[in-house]
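Following this line, the structures themselves.
Note that chain A is present in both complexes that follow, paired respectively with chain B and with chain C.
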Partner chain A sequence: MIPYDIVIIGGGPAGLAAAVSARKNGIDKILILERDRELGGILNQCIHNGFGLHTFKEELTGPEYAQRFIDQVLEMGIEYKLNTMVMDISPERVVTAMSREDGMYQIQAGAVILAMGCRERPRGALNIPGYRPAGIFSAGTAQRLVNIEGYMPGREVVILGSGDIGLIMARRMTLEGAKVKVVAELMPYSGGLKRNIVQCLDDFNIPLKLSHTVVDIEGKEHITAVTIAQVDSHNKPIPGTEERYTCDTLLLSCGLIPENELSNKAGIRMNPVTNGPVVTESLETNIPGIFACGNVLHVHDLVDYVSEEAGRAGAAAARYVQAKGIIEHSDEVVKLIATDGVRYTVPVTIDLKNMADLQTVHFRVGNVYKNCYVSVYYNDKRMTHTRKKIMAPGEMEKIILQKKNLLKEEDLKTITIKIEAE
Partner chain B sequence: MYDVIIIGAGVTGSAIARELSRYDANVCVLEKCEDVCEGTSKANSAIIHAGFDAEEGSLMAKMNVRGNEMMDQLAEDLDIPFKRIGAMVVCVQKDTLDGLQTLYERGVANGVKGMRILSKEEAMAMEPNLSDNVEGALYAPSSGIVCPFILNIAMAENAADNGVEFRFNTKVEQITKDDAGIWHLRTNNGEYKARYVVNAAGVYADVFHNMVSDKKIHITPRRGDYCLLDKEAGNHVSHTIFTLPTKLGKGVLVTPTVHGNLIVGPTAVDVNDREGTNTTAAGIADLITKANQQVKDLPMRKVITSFAGLRAHEDHHEFIIQEVEDAPHFIDVAGIESPGLTSCPAIGEMVGEMLREKMSLTPKDNWIAKRKGILNPQTLTMEERNALIQKEPAYGNIICRCESISEGEILDAIHRTLGARSLDGVKRRTRAGMGRCQAGFCSPRVMEILHRELGIPLEEVTKSGGRSTIVMERTKGANGGEA
Partner chain C sequence: MERKELTCIGCPMGCQITVEFDREKEEVYSVSGNSCAIGDKYARNEVLHPERTVTSTVVVDGGDKPRLSVKTAGNIPKNMIMDCMKAIDAVRVNAPVKIGDVIIENVCGTGVNVVATRNIH
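Then we have the complex of A and B:
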């Protein structure tokens, strides 16, 4: 069995940033395992700009953003293997991998960082009735076909779901000469970033129909038309509101699901809200020495936050390796509670002994909130109360906790984050 | 000119083709689609029924029980995934409990072995996720689950390996008989001639029958919607669970599949369109309601796909397997609805025997009885797998992440007898694209492999033949170079 200090599963933005950070924190033997034929992950197919405003203070395309990290990985001489599928991770951190060149082999990792990213919710999971012809794609699959393979799926497009990839693809298909007829969104609000609605739909006069869904798909061999209808407050289609659109392509952008098959096999505890692992302040899972970051942990809105989070995971994994797995823990950890409109928090526990001076806590809200407050309670005591003009499910929110404040609080057991009207 | 032409390459046509391939005869199968297993055979419950359902003394009952008996040997010979997991018919209304006894007696009369009536407690002990409303159950251990695609593909491959010709994308449009008693089948791909015709055309069997006979038959396409659940839900039940029909109608079944998913369905709606395999919101809602009557806590959030199939329902709900009275040398194999999948080997045997007798066929001495399936590397040890990858590196390249299917398996699927030519063809043979992401990640890569191996432009790679192309043209500035 080949030993490595840290094995990173996935060479996308999370894996790359975690590797760079682990090296900066003094770890020598690091290995990145990537299933695709190049490093960079999904960023490679995101050829639009808008990446890196927070990290690099400039607007980069996806491949450019990825290259910044790839360059660092190369400069640092961090090892990576491409076209390599990780088949299994054991709780003892034995990683089983496979490729054409190396066959199937096992690695004993001092620490493992999960950075597998996420996948799109397919048509089947949406229970859309109708035929099952060719011409139906998840938005990301279409994005790969157009931007990497260089092929257009079709010319007349309907998009279901207003996730960011769907919005980006509405613009991309339009620029390639296709007619995007409508974007239908089941919810009364978009699942994507405001800036994408403006830049990808409004600027091209593509209508966004909120509270609408696809109720029929026509075409036995290739898709020929879809029917959309308005839905009521229970998401049930309202009879009489049907509109039929002829089309040759239906793109689906209806949510992303962290890819945790390997995590499940390893016995890692999952958060049913995020579909990602339950992690501590160090981004460590319930299995000691296995850390998680990026979209496999929870779906992010901006890659900048992925890189930032992955950097913390890399540092925590480095600390774990340097301490040879012997890290002193507090007897009791502080629990983070998400409630009243806050869907989840990452992390879910904080060990005061191990937390950094500043602890970022990410969360998302479950609805659109205007002129509300994000409140943070230490036990039952409200500590901060921050007014927000608008919060939406499509955007990730964060608060930063200060260690010195937490230490001041006597018998701190819970930190509650909630939305309050006043 | 052929000795026998079989219309249809579903499970029935393929089973008959395999039986006929034992003999010295020129046999050809005409199939309107681009592959075998494109109609009823690909969209059903995938159950090998025990045989307590069909009416005593019916041909359906006989074929069912015989087909069930034959399945172990067939699965072994042709490398078909098959498990005898047993079935339970649960009763959810106390006042209909005697219905279990009726079924039991019918099963005994039909020759079904090993059945037992279970008390509520016994049933719950065997199947803890049964609904709390369950009052009792009939248990039939001989019921099983099979991969319907591989069952169909394996029989067709084996028939082809033994010399049967298959003509795909060949749709029979007209059938006439000349003065010499030879059948002429006009198709979109020219005319085919044969001494005998076997009509195994599924939902179209009445169309062909009625072309040659004055005694008309009528088949109704009966649509059934299904939901397929993620493998995470595959252990929710460990037997095939049916319900006794109630006043509210016939129930649906809930069963694990042979690959570890969970399947729920079917509904039953008569339709006019013989290609009407569209699911409906009402149908899916209906089957979820019904399934919840027999099994509790069904994790319907784990649905990965839904689909609909059409049963070829003949007006008298009986298999028609006979030479057409007023059309000698034309053999009907019609009305093959459930338990058709179970019955197919028995139907093959019956029709094979019928034609052997009528045509005085003699056995080949070089008949190949066995067929080796596509290797599943997941069954190998790490050492064996490494040896394989060293010899064939493509087995080290995972294409379908969800089902862990390698390029080696996909290449085998494309290059073997009657190989795959489309995404669905690859999917049915290897399971690439059948997992929880439903081909989101692997479809571009499988397209690329099909493009490379078949030597066709990417624009001509299809989902399932015909006009089901996936990409239309190059993007602007992509100058036709290799992607």
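Then we have the complex of A and C:
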């Protein structure tokens, strides 16, 4: 069995940033395992700009952003394997991988960082009635076809779901000469970023129909038309509101699901809200020495936040390896509770002994909230109460906890984050 | 005087900005709702001279990938987007290409270059 200090599963933005950070924190033997034929992950097909404003203080395209990290990985001489599929991770951190070049092999990792990213919710998970013809793609598949392979999936497009990839593809297909007829969104709000609605839909007069869904798909060999209808507050189509659109392409942008088959097999505890692992302040899962970051942990809306989080996972994994797995955990573990409109928090627990001076807590809200307050309670005592003009499910929020404030609080057991009207 | 509500695209905050301006005199009277200087600048530009960065791909011959991703190195006027796309579509390049290589100089007379955003070997 080949020994490595840290094995990173996935060579996308999270895996790359975790590797760079682990090296900067003094770890020598690092290995990145990547399924695709190149490093960079999904950034390679995200040719639009808007990446890196936080990390590099300039606006980059996806491939440029990825290259910044790939260059660092190469300069640091960090090892990586492409076209390599990880089959299994054991709780003892034995990683089983295979590739055409190396066959099947096992690695004993000092620490493992999960950075597998996420996948798009497929049609099969959406329960759309109608035929099952060709011409129905997830938005990301269409993005790969157009931007990497150079193929246009079609000329007359309807998009279901207003996730960011769908919005980006509405613009991309329009620029390449397609007619994007409508974007239908089941929810009464868009799941995408504001700037994408402005730049990808409004700029090209593409209508966004909120509270609408696809109720029929026509076409036996290839899709010929879809019917969309308005839905009521229970997401049920309202009879009489149907509109039929002829089209040759239907793109689906209906959410992303962290890809955690390996984590589940390893016995890692999952958060049913995020579909990602439950993690501590150090981004460590319930299995010691296995860490998680990026979209496999929870779906982010900005790659900059992925890199930042992955950097912390890399540093924490380095610390774990250097301590030879003997990290003292205090008895004082604080549980974070998400309630009243806050859907989840990452992390879920904070060990007061191991936490850094400042701890970022990411969360998402479950609805659109205007002129509300984000309140943070230490046990039952409200500590902060911050007014927010607007919060939406599509935009990740964060609070920063200070260690010195947490230590001041006697017998701190829980920190509750909630939305309050006043 | 005109009044326009904008969503700032300077960063993910997406501030709702209200601009009061006169199109003919090309004068902005007030900008409110923004939380930083980028928003102020964006709003002033957006009502009088809207601009965008265009990204696309061009065909590449003899490389390890079939398409090269490109971008305008800066913003171009919004009404030039489709002309710029036509110019980009007409281009074919040969490998190797490095990030930042100029693919089209001064695209459509905008004074902005189209540059490569990927390395092709």
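One rule holds for everything that comes next: the second predicted complex is superposed on the first by the 421 of 422 C-alpha atoms of A that agree within 3 Å, B and C clash if a C-alpha of one lies under 4 Å from a C-alpha of the other, contacts with A are read in each partner's own complex, and residues count from 1 in each chain.
By definition in this document, a residue touches a chain if its C-beta (ideal position, glycine included) is under 8 Å from a C-beta of that chain, and two chains touch if they have at least 3 such contacts.
Just so we're clear, the structure is a prediction, and the values are computed from it rather than from any experiment.
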Touched partner set for A:149, first chain B, second chain C, both or neither: both
Which of chain B and chain C A:77 touches, first, second, both or neither: neither
Touched partner set for A:248, first chain B, second chain C, both or neither: first
Partner touching more residues of chain A, whether chain B or chain C: B
Which superposed partner A:302 touches (first chain B, second chain C, both, neither): second
Partner chain in contact with A:240 - chain B first, chain C second, else both or neither: neither
First (chain B), second (chain C), both or neither touched by A:53: second
Partner chain in contact with A:119 - chain B first, chain C second, else both or neither: first
Residues on chain A lying within both footprints (that of chain B and that of chain C): 146, 148-150, 176
Interfacial residue positions of chain A with respect to chain C in the complex: 44, 47-49, 53, 59-61, 63-64, 67, 146-150, 175-176, 193-195, 197-199, 203, 301-302, 389-390, 395
Sites on chain A touched by chain B in the complex: 35, 83, 85, 87, 96, 98-104, 106, 119-120, 122-125, 127, 129-135, 138, 140-141, 144-146, 148-155, 176-177, 215-217, 220-222, 237, 248, 259, 261
Sites on chain C touched by chain A in the complex: 6-9, 11-12, 14, 16, 52-57, 59, 65-67, 69, 71, 78, 81-82, 85, 99, 117-119
Residue numbers on chain B that touch chain A, as the complex places them: 227-228, 275, 277-281, 283-284, 303-307, 382, 385-386, 389-390, 393-394, 396-398, 401-402, 404, 436-441, 443-444, 448, 458-459, 462-476, 478, 483
